[in-house]
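Attaching a single structure in structure tokens format; questions to follow.
Naming follows writing order (A, B, C, D, E, F, G and H), and every chain is counted from residue 1.
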Amino acid sequence: MNVHRDIKLDFGRRERMGLDEAILASGKSLVHLNAILDQAAEQDARFLLTRLAPEQFHGLPEKHRARIGYDELSRTGYFGEPEPARVETRTAIIAAGTSDINVVREASRTLHWYGEPALEVTDVGVAGIWRLLERVEEIRHMPVVIVVAGMDAALPTVVGGLVPGVIIGVPSSVGYGVATGGKSALNAMLASCAAGLLVTNIDNGFGAACAALRILRAPR
Amino acid sequence: MNVHRDIKLDFGRRERMGLDEAILASGKSLVHLNAILDQAAEQDARFLLTRLAPEQFHGLPEKHRARIGYDELSRTGYFGEPEPARVETRTAIIAAGTSDINVVREASRTLHWYGEPALEVTDVGVAGIWRLLERVEEIRHMPVVIVVAGMDAALPTVVGGLVPGVIIGVPSSVGYGVATGGKSALNAMLASCAAGLLVTNIDNGFGAACAALRILRAPR
Amino acid sequence: MNVHRDIKLDFGRRERMGLDEAILASGKSLVHLNAILDQAAEQDARFLLTRLAPEQFHGLPEKHRARIGYDELSRTGYFGEPEPARVETRTAIIAAGTSDINVVREASRTLHWYGEPALEVTDVGVAGIWRLLERVEEIRHMPVVIVVAGMDAALPTVVGGLVPGVIIGVPSSVGYGVATGGKSALNAMLASCAAGLLVTNIDNGFGAACAALRILRAPR
Amino acid sequence: MNVHRDIKLDFGRRERMGLDEAILASGKSLVHLNAILDQAAEQDARFLLTRLAPEQFHGLPEKHRARIGYDELSRTGYFGEPEPARVETRTAIIAAGTSDINVVREASRTLHWYGEPALEVTDVGVAGIWRLLERVEEIRHMPVVIVVAGMDAALPTVVGGLVPGVIIGVPSSVGYGVATGGKSALNAMLASCAAGLLVTNIDNGFGAACAALRILRAPR
Amino acid sequence: MNVHRDIKLDFGRRERMGLDEAILASGKSLVHLNAILDQAAEQDARFLLTRLAPEQFHGLPEKHRARIGYDELSRTGYFGEPEPARVETRTAIIAAGTSDINVVREASRTLHWYGEPALEVTDVGVAGIWRLLERVEEIRHMPVVIVVAGMDAALPTVVGGLVPGVIIGVPSSVGYGVATGGKSALNAMLASCAAGLLVTNIDNGFGAACAALRILRAPR
Amino acid sequence: MNVHRDIKLDFGRRERMGLDEAILASGKSLVHLNAILDQAAEQDARFLLTRLAPEQFHGLPEKHRARIGYDELSRTGYFGEPEPARVETRTAIIAAGTSDINVVREASRTLHWYGEPALEVTDVGVAGIWRLLERVEEIRHMPVVIVVAGMDAALPTVVGGLVPGVIIGVPSSVGYGVATGGKSALNAMLASCAAGLLVTNIDNGFGAACAALRILRAPR
Amino acid sequence: MNVHRDIKLDFGRRERMGLDEAILASGKSLVHLNAILDQAAEQDARFLLTRLAPEQFHGLPEKHRARIGYDELSRTGYFGEPEPARVETRTAIIAAGTSDINVVREASRTLHWYGEPALEVTDVGVAGIWRLLERVEEIRHMPVVIVVAGMDAALPTVVGGLVPGVIIGVPSSVGYGVATGGKSALNAMLASCAAGLLVTNIDNGFGAACAALRILRAPR
Amino acid sequence: MNVHRDIKLDFGRRERMGLDEAILASGKSLVHLNAILDQAAEQDARFLLTRLAPEQFHGLPEKHRARIGYDELSRTGYFGEPEPARVETRTAIIAAGTSDINVVREASRTLHWYGEPALEVTDVGVAGIWRLLERVEEIRHMPVVIVVAGMDAALPTVVGGLVPGVIIGVPSSVGYGVATGGKSALNAMLASCAAGLLVTNIDNGFGAACAALRILRAPR
């Protein structure tokens, strides 16, 4: 099997639509991951790896591991250096509970890769609405607000009614019973009565960050 | 077909568990409804009719129509007189939007049948959280709070974190796309992170009222 | 029944989060619609009505009908005058087929209400990819691209890989068999491999337009 | 990563709505659990831990383990001492089979934490209806009856027709084929023809107990 | 279009497996129904028509209508004479509520066509368990018991634990919310803890009766 | 925890409805299984254990293991001796493929426990229809035919059209993609056009055998 | 509204991939249909209309109606003349029952449009397997066999095991209960154990015919 | 247990419908696999094994392992020698991403077993449409094009509009959130607006290859 034959990296993507190709590691064998990193190293490319499980990371050869800035909580890896950070923070990432932090971190690490700092605000579930109300002033001035929530996902609706920024809802798979897997949270967000709430796939912190980048960098 | 043979009203139910039998009209033919009312009239029984469509009501003979206190919005009918009303209001019925009023009214008409007054608070969806916060003091002292909500059903979670009473969530079938039919609202309520939130079937204002009556009248 | 008691319009919404309250007409009785319009007329308010069925519109009293700029295709009504139109077009609305035009028009009529012109590009389904490729240059410079698609909803993924603007996918309920109702289109959009694609509820052209407005008007 | 930054315990919850915050351990990393317990120990707080897996409990440092009254069957932990027990038993917890005992115990341990004793009645599935009928007298005088049932979940309907107390149905995930995961039991309970039956999420013994506490302690 | 070419009646079915072919009318055009009846009349065949809507029946030519013993409640038609009735009743058909009578009647009319009398016992839902217990002696001696139930479908489980005969559960589509369409009832029956409960498709009274006939007439 | 308190075996079941109680082992802890067997041993009871995993069986104390006739393929255990076998075989158990043999064996072991021999016919999937046609004569004279099939579950429909006995379809969870879990097979059986086909829960060989026993032993 | 602006017919499709564009009429307003036909008439184009409801057809202006060869059963219209018919029949279209004839006819009318004759074989459901076996010889020599089936959809599996041609399964929406809508039939076909069975969307006779044309005309 | 009794290999299948029986290993115990291979070795049969997990392969006795040409990526095994390879390549297998390669390889290994070479084209997801457009010329002349795609499965629609060959879509289970399990990809393919797209079960590379063989070898 000639593994290299199977792989065709899209190095022209940034020119075309403003974002680099990222590598989704889950579902890829070590053989394929290795081949991708070999090809990238040869061409001196840099990119973001997402859903890179600890077992996958630790199974890579030392030469690649040394090059990767790995974060276990978010399962992201930086192959190469992130862009220099802007000074101003333009994105808030809000979560209902601490169980959603891995998704929050995937979003903030993706933004960080592109030089965008992010404000993380966790543990502000609406069952204790005062926790959110205390933070509204901080959030109100952000052009983009990513809201991660599982279970009943009531948080983005409430936020959407309080601030004028773009609201990106990320349903999380946290929970049990009807909540397991994130479908209830997803549907609640899609059905939200907060006008203009936008939604990504379940646990897709990476996608939410890419959308934030499109918003912050799009032609105007 | 001897229709009377098919019907066996449960007149001893109140002795056994505190509530009278009610007649669910939807799905019953006029022939059967008539036979039930004939039998009830003979025995001088009184009861509540639910989901009685206008077409059904207007298809009944005058003698029965005259005896029924009918409300089209809630599709309920009082066959006989309701119990005398208590002075104190012990149940609040809250709804996110005016589209849920038919369910709200089904609940309040059921409570009224048993002599329980109810406070209706509508149009307090959480996308404008201030509308709810203005009314919290009024609701805080109620032993029972019924919350009707469709779409993302974020309201009961927020209410459940603000007041100590028993919260009964009633998902409504209002909405379109993933909201249609009320499944998203139902699942959001079941998955709610507000501790102790209880849920009924979709659009089941009658059931919520019966539960409220069990709470207010149960042995102690 | 005192209908006015049930209604609480949110006239402070624009101050809070930049958009006016809109009235979702579907699921509301004529009695309630009338009461809302009476209240609005008294307070000299103006707003957008969505999902206003022709039967509902024609059932309104003449005084209200005269005040409403109604469009049957999109089922939207302007109660009052739209904002003056900006010169520059900043939003493209793309659709796979002519059957999606009602959703496209709901989005463009909502944008028009807020003074935002929109470019409509219909009938560019990816089964004839050349039709889309011919229009890419026009779309590439738009900060926001709304993509309406039913059935397999392949269009937003292809567009997302071609242009740098924010992509808002609106699944439509067009189709038959597994496509009916829009669930297949919705899931395809959520699962899209185009990074940063954002999604709304099925047929929710209004929501997509509100999101576009948040993007174009958010603090920066 | 500064873990403490992520956590915001809600110590004012009891004042607001009568119940303390509880910690849902499932889905939380050991790092986060530890940080929560550290913060709680510093502030001399006490609370209930739910869904605390044996692996999680045994992974905690000795200082925290020593403080926790852990029960493996229900996966609950008491961080601190429970409230002193009332004399009178006001809640019955009924289950169809012995496979549901973990959910039953989660409910009774939660009640015990708040000083409420509970009567457990297990193995009274309705396929042998006499087992239930023998116990009805005992149950009839309880203000609250929690009914845990998986599979076809016929038990709460039968109980609801026999006793006047508040019936809280808890669907359990016991079973195989169409029963697996508890969705069939959940839907059967929601669709029940027993008037006033209330339902929680699947396996949510904790939620049922919180609801019971709201019922027993609500303002009156 | 030569309609006769499309139709191939299976007149040898009784020899092969003991039951005649029946004609499922729903989904058939009047043109096809007519062609089938013409062909049958020519060959002097007799058979049972099921799901024959009143509109279909009244749309047939007089010559066919005169030959059909039609019952609107069950939507069944006898084309020809039923078999002479046996003396002994060997099948009970039990239903939870009067809304299920159309399904009950479809089953009893099918049995009657084959000369099998049936005992109908309606309105014995388990929310009033005494109604069922009063009738147990009558049912206990039946070789076959068909149980029709919608909503939570608790009835067949209770019956299955009380009598030794074969229990055939027929879920009905009666109900609203999660009950609508009969899926909840179907799943509850399949997941039942009553050993040996067998199930048919939703509303399939005809199928249950055919199964009863297989049981009563099978080789032994 | 007093485990014995939780258990209430139903030793009177055979008198009531002709079958003994069986113990469903899956979902029971070793502690509970042991307590059940202790209680049974004391009372000299005998019963069938189903879904007894090898790990469970080998975790039991030697005194109980010695008493159990265990079969790993079907996961059944005989606690005590089966009834003496009848001479005549009255039940055929047919399966589409060898992957269904565990379900087939659960059914035949259950029948064997009650002294009923069964004919097993495996590997007669309808994609090679001749394999089934070769065996039809053998099956035609059986009063009961249990048909186990996964994937598309076409087998019971074909069998139901060929033989007059009672057909009990058991969907199996064999397969991948849309077949996984057995839902497709279940629905295909329920929707079958073979008149009088009866269905059990997925993989429920035990239930099918109990139904066969009801058929073979019911009063007549 | 300038309707013509919305429409972009794909007249180059045949050059590109061998089939003309067809017009799916369902979901299109009369205004749009008219505009499409006007545009086509101007350019002297010819094409196939599918899912053209009788109400739509009769709502067209006389000039267009006169040009369309309309068939109500299949809801297809020929705008222009079909291609001259080949002599040899290379496609069989088989259906389980007469209720599927509308789908069968949509497929044969589509083939006829392209000059391909088709053999229709209806009413050969596998519950009477002999009806199919009688016709096998006729079918065995066809390069393509389209099999339309609803309910349990057992027919394509049996056919797939008997003949060597390409089998295209078309699930139909015929049936009730779990069969309604065709999902059960679709899943049964996808899960079929007949190797190499291919499947289309529910009721998609048009798609099956297009696939047959690709097979019969593809480069070789 | 006599395992051989359970197995009935279908050695006449090629004569009947052109393809040999293949053995689906998943779900089969080692005991059964061994018995099948023993029987095959005795009769000097050769066949393809699919879904043969590495654990299964390595658990076989050396004599069978030696005879099997095993490929771990596709989980296929050749028991015996493949047919001699044709010169001309008539099938292309296209995949959106490298995560789909196991399905691609299952298809190409199945074709190889029958002597059909295949062109593999991977990593041409439509989010970078140029990658596909570069390869169109190569694909355009293939009679059969198998397209494997997960997530939103937009690839087959685009391909179907570009080339005239038969398009066989194989949904893959790659992805997370709503994509997991392949249902979204499956539905998107079934709902595709590309005329004549045919679909197999999820991950069914084997089935797609069998269909390709039917197409390439069918009578003409």
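The working rule: contacts are C-beta pairs under 8 Å (C-beta built on N, C-alpha and C of every residue); 3 or more make two chains touch, one makes a residue touch a chain.
Fair warning: this is a prediction, and the values are worked out from it, not measured in the lab.
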Partner chains shared by chain E and chain G (touch criterion as defined above): F
Most widely separated chain from chain H, with each centre as the mean of CA atoms: B
Copies chain B and chain D touch via same or different residues, half shared test: same
Selected pair, out of E-F, B-D or A-D, that shares over half of its residue contact pairs with E-G: A-D
Chain C and chain F, separation of their C-alpha mean positions in angstrom: 56
Chain centre separation in whole Å, for chain H relative to chain F (CA means): 34
Multi-partner residues of chain D (at least 2 other chains): 13, 16, 128, 160-162, 175, 177-179, 183, 186, 190-191, 195, 201-202
Touch relationships between chains, expressed as pairs: A-B, A-C, A-D, A-H, B-C, B-D, B-E, C-G, C-H, D-E, D-F, E-F, E-G, F-G, F-H, G-H
Complex interface listing, chain D residues touching chain E: 96-97, 125-129, 150-154, 157-158, 160-162, 175, 177-179, 183-185, 187-195
Parts of chain H lying in touch with chain F, wherever the complex brings them together: 1, 5-8, 10, 12-13, 16, 21, 24, 26-29, 32, 36, 51, 171, 173, 182-183, 186, 201-204
Chain D partner contacts - residues on chain A that touch it in the complex: 73, 98-99, 101, 120, 122-124, 128, 130-131, 174-179
Parts of chain C lying in touch with chain A, wherever the complex brings them together: 13, 16-19, 22, 90, 141-144, 160-168, 186, 190-191, 195-202, 206-207, 209-215, 217-220
